[in-house]
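In what comes next, chain A is part of two complexes: it sits with chain B in the first one and with chain C in the second one.
This part shows the complex of A and B:
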């Protein structure tokens, strides 16, 4: 298949088409508290990927029969704007968006202390306004920050990033072209303080040793995002200074 | 008051019981932690389908059928046949399932099956193109869960792969720029790989393979890993809420690889292929 490709995705000296090193992520911008009506919100940019996340709740669960006597339920909607992709995406929920809403919700359920709010619901909305690879992990990163911004108790923030396999090499934070033409794409999200994975998917082929390399690379990227999340929170709540910062 | 992460009491009692057992290497149904339930696989059970298979994995029963048709390729893959996977969690399979269009669980199941087949490059989709960009074979795979006792992923992949591997599909030929049916022959689909998936449940740092529905209700989380062959994974899906400790990941991969080899051997016997497919 490789012969068909007109230009290589990785140069001889290990640079990627956008000039990044293999273990380099795209420029990131993370902000907390960007939407006024919601109880908590966040905005993230990773390269050209741009996403808003908002949290409403805890509030009464609707419909009532969904309420759980011992904990809150969490609803999550990951959605892409019609203009966020090449061409126009139909505005309704696609099967992909339904699946991603589920895996993102399950990731967040692992960190939110739902037992604090019996019989209630927490709604999380993730709106991708421009998609350029890595939207589920960036959306989850923003959603976890929005939960913290809403003051909802969580065990840890979680952050996510994709790792890819491109022309046999493991790369951090694949671009859209690398994602499309590469051999594998693996979105990973972790709660660093808990030393745990909250989201893990793989599309494409990898050996066990490549998987281990990819997971370690993801861990590195997640560490960077985690610090940016903490800084964004610190910036919003001026009286709050993350440990280890002046 | 419930403590953090604590389950409702009946579930908590079950979780504690399962954990106590797994520490001794035991499970409620007498299996070991890494042991699959008995697997039965039958192919060609629906005469009107191009390919079909029924899989019983313990108390979980799944049927998959393959139908094909002529169609247009997707714009981004003009030189490949299309695969369309649909899955239904039928209400007759469990009191947990309800009638209606596929919900998020059914959509997830279909997309995981799709990923195992597509990303493993199981089918030589390039060989099923008649006129590039205009006319290709469309392969529909429909998965129905008939009886549900946990772990629908692995039997759904087994049934789908068995149905595809044993399918006899119509042969189309290009004559004078037209795609026409050759009614005399029904060839098999061109197969490159035989993917299988392995579902692993987690209780803290303990692993249990192929969880039953009772176990699924009490485990902390689970993960499905699709293997395209002995050495390469093709798909992963962490499934259910809950944390996977990073320190267990190596063990998960090692066990799932081992189990995938075991499942593939059984699958190959059922579809009448011995040794590596090619």
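This part shows the complex of A and C:
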């Protein structure tokens, strides 16, 4: 006789299925300047999520009528590779990818100093190599680093992370399993130095106190990511001495 | 304490540099009366301003910059000049007598007259030099000051050692005009060397040595 056993996402002692504490992020790796052919690039790994971001430009805006006389325009493409998910994903742009491209673009528009490059366009490509939840925030984190790597003036780097509600508890950086079976998922991205939230979405339900708790937890995670971004950018300067000296 | 950074310190975008908005220099921005970094780079104080020297940056034209461009279009009242990357410069066709006729594909060396919301306007007339032969190479615009050197010292070395004439554009295009391709290629490889080894000391001597070796080697072995 088979017995139905309930599979819990959080154990009695407050551990998650992958052994993390509730406020613990997955292991993160961030690198800047990883691709030679683009003007700026970055790579991020958050647990099993792996994403490349590349920046081209500023260059001529096409089609011409889209160009703004007083500022640059941003083109953003968030795309998941066909092999990034379980079972093959159709390689075209899905409805979801088009929407995420838009929210990421809008987040980046608030940090890039677009007025520096009138009548031009900056292209941003975010390619998800392997997806395991939190790709929009990780993609945004990589994209802002790629912009900084390209030398495009920005007000601040921005970093993002998701917070979720799983079995009534608020958790940081939910994994795919927690995202699917949890009650809520809230990606948050901030420009920490400016103290502004550049992206916030909420899927599911939270009480106002849970929301506050989730937001504070996200801020903590963003702080960690921000330091890693700065470190990745600083690493490039180890051998660099500015021009015009001697 | 109004300045928060030291000379040659590495900064990242968004980093607080100074509390005094008057000290805002290159690649910085002012927000709520404070100065922040807009790019990643190294701090350099100059003229009581905090400047950042970026590792990489797109070219932003400013007035009286010397530039090298390629004519891309002929319009009734002006020429359009490609300055590399996103930039298109306008060159007005003034009086017919003073001007050399230009064709699509011609390379010109001139000065930026105006740069702003209306676009980039280039100096025509006597300032304009039409380059009709030689080698055109592209480098990162942030490396240009290093190629010119202090008061043009590096440029002096490059041209006197090789006998080539160099037209260096702030936009990153460099035209090398010499009397033989070997000499032009020698200068081009020396510029590549400056680009990659700009952080190492004793560069001038190595550049001199490099050009001599290339030119002499080229003539004896018969390279190129």
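By definition in this document, the second predicted complex is superposed on the first by the 233 of 246 C-alpha atoms of A that agree within 3 Å, B and C clash if a C-alpha of one lies under 4 Å from a C-alpha of the other, contacts with A are read in each partner's own complex, and residues count from 1 in each chain.
As a convention for this text, a residue touches a chain if its C-beta (ideal position, glycine included) is under 8 Å from a C-beta of that chain, and two chains touch if they have at least 3 such contacts.
From a predicted model like this one, the values you see are computed outputs, not experimental measurements.
Asks: Quick check on the superposed pair: does A:155 touch chain B, chain C, both, or neither? Answer first, second, both or neither.
Replies: Both chain B and chain C are touched by A:155.
Asks: What is the contact status of A:90 with respect to chain B (first) and chain C (second): first, second, both, or neither?
Replies: Neither chain B nor chain C is touched by A:90.
Asks: If you stack the two complexes on chain A, which partner ends up touching A:190: first (chain B), second (chain C), both, or neither?
Replies: After superposition on chain A, A:190 lies in contact with chain B alone.
Asks: Please indicate which partner A:199 is in contact with in the superposed arrangement: first for chain B, second for chain C, both, or neither.
Replies: Only chain B; A:199 stays clear of chain C.
Asks: Touch check for A:109: first (chain B), second (chain C), both, or neither?
Replies: After superposition on chain A, A:109 lies in contact with chain B alone.
Asks: Tell me which partner A:207 touches in the superposition: chain B (first), chain C (second), both or neither.
Replies: So A:207 only meets chain B here.
Asks: Regarding the shared-chain residue A:70, is it in contact with chain B (first), chain C (second), both, or neither?
Replies: Touch status of A:70: both partners.
Asks: In the superposed view, which residues of chain A touch chain B and also chain C?
Replies: Common to the two interfaces on chain A: residues 69-70, 113, 118, 155, 191, 194.
Asks: Looking at the complex, which residues from chain C come into contact with chain A?
Replies: Those in contact with chain A are residues 10, 12-16, 27, 29, 31, 36, 38-42, 44, 53-58, 60, 85-86, 88, 117, 119, 142-146, 149-150, 198-199, 201, 203-204.
Asks: Which residues, counting only chain A, touch chain B once they are in their complex?
Replies: Interface residues on the chain A side: 69-71, 95-96, 98-99, 101-103, 105-107, 109-110, 113, 115, 118, 155, 180, 184, 186, 190-191, 194-208, 211-212, 215, 219.
Asks: Over in the complex, which chain B residues touch chain A? Could you list them?
Replies: Listed in rising order, the residues are 1-6, 8, 76, 104-105, 107-108, 110-111, 115, 119-121, 221, 223, 225, 228, 231-247, 249-250, 253-254, 257.
Asks: If we count contacts the way the header does, which residues on chain A are in touch with chain C in the complex?
Replies: Those in contact with chain C are residues 39-40, 57-60, 69-70, 113, 116-121, 148-157, 191-194, 229-230, 233-234, 236-237, 239-246.
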